[in-house]
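Both complexes below contain chain A, partnered by chain B and then by chain C.
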Partner chain A sequence: MTANSSKDIAITTLLSVGQHPLSARPRRAEEDARALEVMLQFAPASMKALHAGDTADAQNLTVLKDYLGMGIPSIDVIPTSADSDAAEALASYLANAGDGQPHILLTGTRSEVGESSGFLPYLLAEKLAIPFVPNICDILSIDMAAGVAEVMQSLPRGQRRKIKTQLPFVASVGMAAAIPRQSSFGAARRGVINTVSSIDTVADEAQTAWKTEPARKRPKRLKVVKAKTAAERFKAATAKVQSSGGEKIYEVDKAAEAILKLLKEEKVL
Partner chain B sequence: MADYLSQIIFWLGITLITLGVIGAMRRIRLWRQGQSSTVHWKGLLQIPKRYLVDLHHVVARDKYISNTHVATAGGFVLTSVLVIIVYLFGIKGAVLNWLMLFSSALMLVGAVFVFKRRINPPANLSKGKWSRLPYSLLIYSTTFLLLALPATGLLPDYTGSYLMIALLSVGVFWGFSEMYFGITWGGPMKHAFAGALHLGLHRRQERFGGGRSTGLKALDLDKDSLGVEKPEDFKWNQLLSFDACVECGRCEKACPAFAAGQPLNPKKLIQDMVVGMAGGDTAKFAGSPYPGVTGTYKGGAIIPIVDTLVPANTIWSCTTCRACVEECPMMIEHVDAIVDMRRHQTLEKGNTPGKSAELLENLKTTDNPNGYAPDSRMDWAADQNLKVFGEDTQQADVLLWMGDAAFDLRNQRTLRATVALLRAASVDFAVIGNQECDVGDAARRLGDEATFQRLTKDNIATLSKYQFKHIVTTDPHVFHSLKNEYPDFGGHYSVYHHTQFLAELVQQSKLKLNSTSLGDVTYHDPCYLGRYNGEFDAPRYLLESMGISVKEMERSQRRSRCCGGGGGAPITDIPGEQRIPDMRIADAKEINAGTVAVACPQCNAMFEGVVAPRPDIKDVAELMLDATVFEEAH
Partner chain C sequence: MVIRRNRRLEWIARNRLHPEHSAVLMGVNGGDEIGPSGLVRKRPHDIGFIGPNGIKRIDRLGNSLATMAGAGAHKGQAEVSLPLYVVENASQYVAVVLDAPEGRLSEHDKDLLGLAQQLKAAADNAASTAVAAIIFSSAAPEAARIESYQLAGVDRLIVLPAESDDYQPEQRAAQICALTAQYDFIHLCFPDTVLGGADTGRRVAANLAERPATSVWKLDGTQLICRGAAGKTDITRPLSKVIIALEQCADQIDESKHECLALSADAITLSASRIEDLGKAQVNPNDIDLTEANFILSGGNGIEDWDRFHEAARLLGATEGASRVAVDDGFMPRERQVGATGKWVTARVYIAVGISGAIQHMQGIGQCDKVIAINTDDSCDMVKRADLSIIADSDAILTALIETLSNQSSAEFHPQEAVA
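This part shows the complex of A and B:
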């Protein structure tokens, strides 16, 4: 397969408005910017960026401009208000995109503000009925003939694993991906924000019942350092955790049973 | 017979002067490729004065060459005027002959000294066509001296000496070719033609007559393409200025990046701009290369400069120390050109190297270069009980600008010292606390004019809310920006560097200083206080008031060597053979200084980064605090 044909696919990256943890100012979300970087570096034939949010907000707009500054010519924006369900809007937009439906849909692993549940890519994959690969850091290759893509997934402690998945699929990009490129003022100025108007947004019913309050700092478990030498510390920081006990369950029913049992044991249910 | 020679001179003169005029027009066309910029016509009348005063002020730092130049250039101009009067207009007279004798002799003397200097030229001088120039000067002056001798009757006529006539004809031809034709066709004499016009039409007219103009020019962010991508994006008067370069290499000798083996040579940069403007390649350049860069590069007026004509690392090696501008006898503005190119790389290409992208992003999201929480700017002063504008007061005599030193443990000591000194002198001062943003100096020098202007506008809006008489800052970069660059955006303030303000307090006896016994102390002039703002005396006055007799390093005051901390250079971090701060500390060690007094947080950070053993690094304010006599509390 030639390199060219492997690029002959469509990728869409979902972008959200992030928030700086110290200044609380809106900014490019770090993971979304990385997802955009993965897309720009892979440089497929068709690249799209998609955002669902409030376009009337000037601060949101400057953040979208910042993404445009990375060199993507335009961003499609689905106007949604804060109380509507972004997942619904995005899913219905993508489902109705017809030929415009991407082969790969990239997101960050979780948003920097709002619910920040990390659930969005799962929901989208479910609604579009395509696989989901969490926490990737790169797209390695595409085999259009076989309809298969190979991606690099990042695991804890700097470990990586190659995963083959069928096209199309949703993938979330984590912090292990390449640092996003600098946003340039000129490109930001030239970039275009297209508002997509034909989407019916659905109010997020569940959200209205919620009460939100500022997050409390969770107490941190004290670390007991057992390692005596530098070599041991290095090993502790990098070595793969050997799982002890446990078993691999492949049948869905049995797996569900096992999960239920664990939840009961832990008194979650 | 002599008529025969006159005829030759007449026709050669007419031909070569005509060709010269055509060349001049071609050259002017090249400059006009540039962008529009105010034409300071009045400046043209000032050319002689600017040559004799401003240019010579710089040239005279090297007595040998300034005397040589006066003799050569003066002799040449006078001789040429006489040649035109006598040979082209045919006006004869004994006075003219004697004058010609004198002027050509004067030029000959100059030419001999030019020749002598070229026997074993230092590395900063260019070879190539420049090695030819002394011969041309000798030939031109000797020829007209020999022609004047019989005319004044000192020698018999050359009638009958065909050899002499042939030789003189060749001399006239050579001399005219170099001096009248080459001057506009890219010969070494080009510097006289372009240089004269450049002195008149300089983009920074304020620099003449002892003035200063060091603030960067504001960039219109609504323009189509920002900064300089290709030579024609420069202003026309910048293109003209590049043509004025005499390749004397004074800038090269002064450049800290060049000395550190980073791939920058200001002289070559200017010559590369000439190549770009005129089109061609760099093969003919006969001076020192960019350290570590080999090969020939091509350029053209509409060909992007960076990475085609000039390596990207060249423009990012510059510390914006202005040592080159200070030394340049032709008053060329290297820093403007470098920042113009950086602006394009940053604003249009998003290509700022090293950690700069992170720094610029931090400035966007947190208003400080290191990404600290904006509401922690005042943390350093938790124990200081400072008055804060907007919280404790609306007005004070002095607004103390903390700068990013507020986030830096080392430089907080300087801030503390300054606060203690202001209190000791009962100065009524306050800070703007967490409302303060980075002043934008680094962003601007890294080419991010958009972020600079955003920070500038925010700071000006904050400052407009309060009443104060002066701003005092411990950071020369802040000092420079507030004083020289904020006015373009409507911020007009009376700004003091802390050494200036403290010097006034000492002068008014509001601060009393004891003598200290510190051993040998030297003072390092920060570029942005010294060269940028002409303040050399206040810090020295303070040190002397403490009984310290400052031991000067070889490069000091105007010629101070940069610490390596300016222009975002520590962030772009372009590799070289050695580090600039190491070289500066070596300067201090050479004179056995035990303490280097500094007056800038950048210098402080750069020098403290030099491995021991090295002299102690202390801000002038810290030294003062040790020496201050505190009145008994009542």
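This part shows the complex of A and C:
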């Protein structure tokens, strides 16, 4: 597999408008920016960015400009209104793309506004009938002849796993991926926002019945004492938590063995 | 007949502390006490028996008092048996797909079973609705596991075959979809765990063309409360078929026992997976964020040779941490500091070398599972907290560790080597 053939593919990144957790200002969605960064670093022959949203909103445009500033020449925008289902619009656009369908479709794991269900990439993969790999942090290699790709998946606790998947595929990029580059003003000015000719969008009717409010603090679970007798209640209230009072070793020659034994028991070695 | 009074016996009968008291009461009158007027007197104090916890009990069910008292005294605290909930002729099911690593229920799994029981109670036909837990396993679970499922609220258990622990999300989703076709679950609950239930649940939902309720944290009557906008909002929405719930979404079941009867799953032929697990990749332990690291070797003021410390961390494959003193003295970078003003770590094993265990440091390691202390002072706070303490000079222990590891590494040992 030569370097050229592996880059001879088309990748599309889906971009959304994020929201800063404290100031609530629109910003690049952190995971989408990372997905874009993964694509830019892999530098395939064809790179595209796709956004479904409201182009009339000036704040959304600034965010799209921020993405353009990362060095992608253009962003295709599917115009949808705020209350319509972006997943449906994207799915029907991509399904009808024909030859323009990318080999790899990158997204973030979940959006920073709205329902934030992280369901969109699964829906796209299902509609396009291609595999989906969640939470990747890098594209390792692509073998066009065999029609497979290797990606690095990030697991909890900083672990990594290699996954081999068939092409084409959808992948979501998590926070473990490389930090996205800064947006540069010149590139942002040069970049173009193309509006895709209209697509039938479906209004998201289910969501109109929902009630959305600022997140309440979740109550902490208390330790409930379920004692039947007064004696048990008394014990629960007064008994000290038993300290395990670990083993103490004073000899140097036994120490290393004891430590390694515990480490093996805990399966960290 | 003139009844002659025995004043002495009367006095003993009144005096409950007299050593002959009970003998006198049971004595001549066959247990009945005859009062001064010749009437037989009842003695309410004799009813009942002294229970195991020293409290007098009266048994009105007519069981033999003597045997009860005897048995109670032997058993001591009688074991509480929880009421068994039986669902006869279950006609519909609330399914819970458990993560259950190695068959063991996680806290999140138990929370989810609690939620499922709440969903069952809210269902239309609650009496004939059962909670069916689905686990993936290569073998049938053993009796002790079944017992733990019974106590966690599993009415029915479905064991789906799993060839290995590899990441096979497509296969698992396909198995669950087939099962849904077989049993037509009214709800399918998944734990919202990265690459666990969160992944499988969304795949199943996409396959069934159902819109999942994600990040659910409460069931409020017939409404679900979910976190939206990456945790910034609460969305109240009607019940959905697929429910992906956060930790502590409901109270766990702890006051009842459930049947945990086995349900069979039709065997299905799985199509080949399009995703293949190539196994874990080696990671440089120092690239792992300290808060996420599984294994931390942390150094403090008691370290004399920092090169040796780094060498030991490299050989062990541990992520490096430090106390504030080590950071302030410039031996370690600031982002390695553990504690109140540093990072709050969640490691499975935390080795503290030459760290005294000041409260500001202990706060940072509150969530660690096992702590190993290496310290010259056997009365310091770190040793009190530790599961294993080595009371010796840090340098000597680190040297011994390095020696043992490098001796073993040639033979059977494969510590994680740092990737450049």
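Rule of thumb we're sticking to: the second predicted complex is superposed on the first by the 218 of 269 C-alpha atoms of A that agree within 3 Å, B and C clash if a C-alpha of one lies under 4 Å from a C-alpha of the other, contacts with A are read in each partner's own complex, and residues count from 1 in each chain.
Note that in this section a contact is a pair of C-beta atoms (placed from the backbone, for glycine too) under 8 Å apart; a residue touches a chain by one contact, two chains touch by 3 or more.
All figures in this text were calculated on a predicted structure; none of them were measured in a lab.
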item	value
Residue contacts with chain A in the superposition, chain B compared against chain C	C
Touched partner set for A:Ala97, first chain B, second chain C, both or neither	neither
Which of chain B and chain C A:Ser117 touches, first, second, both or neither	second
First (chain B), second (chain C), both or neither touched by A:Ala255	second
Partner chain(s) touched by A:Ala231 [first = chain B, second = chain C, both, neither]	second
Partner chain(s) touched by A:Arg25 [first = chain B, second = chain C, both, neither]	first
Partner chain(s) touched by A:Leu61 [first = chain B, second = chain C, both, neither]	neither
Which superposed partner A:Met144 touches (first chain B, second chain C, both, neither)	neither
Chain B versus chain C as contact partner of A:Val196, first or second or both or neither	neither
Chain A to chain C touching residues, read off their complex	19, 21, 24, 110-119, 122-123, 125-126, 130-135, 150, 152-153, 155-166, 169, 206, 209-216, 218, 221, 226, 228-229, 231, 243-244, 246-253, 255-260, 262-263, 266, 268-269
Complex contact set, residues of chain A against chain B	20, 22-23, 25, 27, 66, 69-71, 181-187
Residues on chain C engaged by chain A in the complex (per definition of touch)	53, 80, 167, 169-170, 194-195, 198-199, 202-203, 205-207, 211-212, 214-215, 217, 227-238, 248, 251, 254-255, 274-281, 283, 287-289, 292-295, 316-318, 348-349, 351, 369-372, 374, 378, 383-384, 386-393, 396-397, 400-401, 403-405, 413, 415
Chain A contact footprint on chain B (complex, rising order)	221, 225-226, 346-352, 356-357, 360-361, 364-367, 371-374, 376, 448, 450
